[in-house]
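Chain IDs A, B, C and D follow the sequence of writing; residue 1 opens each chain.
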């Protein structure tokens, strides 16, 4: 029990049921998150990062489903649990916040009640007690005047405040893992900074592990200790976040790092043409064979087109999936 | 229902109604108005009289076949008029906004406040019975929903990049409305139009049933049912076939509308019908 | 809430005035309407009679004066005197009001009680047998002509089985109400079933339902706590609009079942060119519809906080 | 800034003086209880030929409203806009067409900015016809040249938008903006809706086109990395006003306004797992802006003077760097230390 990681994903495959065919939207995904750790999952739209997260919390809905592989929470396989047991984990031990705090909250229910539900569901509280706890939860995410705010409806709050409410809901029962799916994409930079700091501090205080999902490599590298980069349904590189910008091993990660104009680069090195990654992000149905990045990769050779590379351990620590890794 | 099923069934029923209407002179056994023969009065359905005969001895089958012409003419023409009015008002109101929008909104609210069948009935009362009156009465009273949808679509499309781009490129208002807005709202408009034809067919039948639409002896399904009511004890078959014809025609249009919605307007499956 | 109500009522005033104007114009100004008043299809009327009627009714006055007089008398609750029965229209309508209200409320209750649960059950298992059957029923219900359905019901339940009276108001008892109410209620029932189903299906895919599931709620709880109220907003809209349609369609059903309501008063008055009675009935129908919709708007404010504070 | 605007040289292609756009909000029919949203309140801008001016700020700061006014899509409440020597005013359609040949726009969302029912060919040909280019051969020539410029093949012209990827759609959007040979292009978040791995393609393309076609850009973005990379000058907006403007180096290396500093420090540094700079409170309600400096309630340097009217003025230093802050000189001593920026 003590040796088991908080959550462990092994060879996860998620299928997308089409009209006539099944395709793997996510394949061979393995990673583990230790208690209290911060782990980032980075990738572009359609790379499978969000559905991986939904699989962890058991919220995949048709036409998506886990086809094979294992997700273990504290060593217990989640797929083998009954529906009721899974629900007990959800919200209580594993919580999630979403990208759009406006639509993620019920528009016709006061935010206090939406927080209080957590205490009623998982802590067996009465509504009266739960409402009291909701005020405290709202105070803990630094919402001013929480005793009045609990009666507000989502549309009366700003985007940043709504995301705070989402965090209050997610952290209400003191979960062990917080999954944050693009939690700040819809927000302005200054608000993003506040939300990230809030999330980071609260989770550090409570020992909650964070699985952060984002397309923003810079943000994830800043927030998380370890980062996995996904491309077209597979993890292509998994590194400590200190290394990923300095010495990444996969051509795709390198491409991402090079292609982004980063603040300060021009002042330091002058303006040069950004390095482009050629081509387009493939749709799930058109994942290429072999290494899925091969059509866009400058280093691709024959083997990349025919054979999917295995995961290799790097001497410097971390994993990469490339025939020609640096 | 599976995607496509309702489209196919609806399309077939509607096509059937159109074919029957077009080929009425060839399909009918007798003249629907003139061929009355009291010798044959109130014959039940048989090999000779497929749907039976009425109190004047007219062939119900032939009258139902000819009735398709009136129903479909009223349904299609009046709904076209409604669509044109609704789109013109809604599109221009949403596009220009301001006082024009206020006026159109006021008109729409007025139309919504008077139940459309009552409004049509009032117009029929003034104009008197007949096909032209029906087209006017039904064509002017059922555009408010189309108008609302057109206005709402315009408002949401107006902020889309391509409409803004057209303005930036120097397109005139009319050109923007016709080339940028109209083609992109046709989907829901066609759906509503199809469903609206169904309502118009029902409304025509209702008005004729009340004696305010098509007057006997001309064969409207509604007026046939009105006559049938008085003979329901002696000749119940009179009540069956015209009603079935209305039902199948309207069902066809409703199914067609549902099917088209799935194809043309997939986002708004929940929109009220 | 009170100010909202007052504002909402004030908003309907211009609509009521516009409706009055439309009704007035339609029956008093449009050329030919006088002629059709005189010619009721029963042969030419004595020109002297027409003249006398015009004098008596003040039809020779200028239009604006007549409109002013009309508004003034309406404001006093005076809808004029029936051409046909010489009775005050107000009295005629008052007598007919209750049966119509009975019919419409019975129909809407029938529609809600059957339609909403049907839509709900259908939506919980989309594509299932219940869903398919209920949606076939619903689309059929929308496509059927009410008076035809009424005729069929009348034939089966009154004439063949003899369980229920075939027409009339009788003593106002429930058994007289059933057939007309069902005939009238079938299409709003179908519409409600479809609306409810679509609303629930849409809400089930909303982000906040995903949030609710991520909290560890069972599907039943998700529906109870998060889907119902949101669906209610959409259902309520349909109910409100259906009242208008019902007022219209009640005319046909009342006529079919010889139901002594405003609808049959309206049709009879139209057929007999009794213009004051026609105008009065239409006005009452509109007022009733507007009142219902104001009520629905207030209910909205109770259910949907976004409206209240907007 | 003012002085510069007074004597517009030949190299100034766009000058904006005291631009204000106010929207009446709410209120009854008679105007009771109506409030004024000062979306843009006294903005001066100057764009030189061949330059890229970055316009940054958070949502609601008025940057898009400025853009819409420049494009003639909004009538300003007051102010003077001179483009390419022509004063811009009114909404007459003749003006709009003339304006269209001077200024164009690249939109944010490549999925919403192309008419789904028009082929690429129609999207590019219609504007040409509208602007009097009727010769078949000329239309064809310009169409082909433009598609090549933006990196598309002429044979793709017959396709509809849904047949293209996001990056390609943005190329079509750029082609549409350039087909009338405008002099100024307003880029409104041109890459933020694109996949990360596609953004570099579009940024490079925009910079290339600026050189080859001699364009001037106004680049609106919240992504400071992109703005730094592309801009020659930068203007920072907050609640309808410009709070700081200057050359890109001044803004990013020596930001003087506390708001600019906050914006820069709020960007997560990928090389360091360090706390992000946060501000107190939220953006004030633009319908009820604070007296004095609009940023004062959130500013950690704010003192009594900042919280009282009047609003500080935009003080221009000799090097052209302008700051709207009472305490700019006091703060200047406090070096902007952000290790990430070096």
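For the reader, a short list of remarks on this structure follows.
Just so it is clear, contacts are C-beta pairs under 8 Å (C-beta built on N, C-alpha and C of every residue); 3 or more make two chains touch, one makes a residue touch a chain.
Chains and their UniProt names: A = Oligopeptide transport ATP-binding protein OppD; B = Glutathione transport system permease protein GsiD; C = Glutathione transport system permease protein GsiC; D = Glutathione import ATP-binding protein GsiA.
Computed from a predicted structure; not experimentally measured.
Counting hops only between chains that touch, chain C reaches chain D in a minimum of 2.
Put simply, the chain farthest from chain D by mean CA position is C.
Of the two chain pairs examined here, B-C and A-C, it is B-C that is joined by more C-beta pairs in contact. Here the CA centre of chain B is 51 Å from the CA centre of chain D.
Chain centres here are Cα averages; for chain B and chain C they lie 20 Å apart.
Within chain C, contacts with two or more other chains are made by no residue at all. Within chain B, not a single residue touches two or more of the remaining chains.
None of the residues of chain A touches two or more other chains. Interchain contacts close the chains into one ring where each touches exactly two others, per the touch definition above. Every pair of chains in contact is given here: A-C, A-D, B-C, B-D.
Residue ranges of chain A in contact with chain C, taken from their complex: 57, 59, 84, 87-92, 95-96, 98, 100, 103-110, 117-118, 121-122, 153, 155-156, 166, 169. Here chain C touches chain B in the complex through residues 12, 14-16, 18-19, 22-23, 26-27, 30, 32-33, 36, 127, 132, 135-136, 139-140, 142-148, 151-152, 154-155, 159, 191, 194-195, 198-199, 201-202, 234, 237-238, 241, 244-249, 251-252, 255-256, 266-267, 270-271, 273, 278, 282, 285-286, 289-290, going by the rule given at the top.
Interface of chain C with chain A (complex): residues 206-208, 210-218, 221, 225-226, 229-230, 233, 303-306, 309. Contact residues of chain B toward chain D in the complex are 160-162, 164-172, 175, 179-180, 183-184. Those residues of chain D lying in contact with chain B across their complex are 71-73, 93, 96-97, 99-101, 103-105, 107-109, 112-118, 126-127, 130-131, 173, 176-177, 180.
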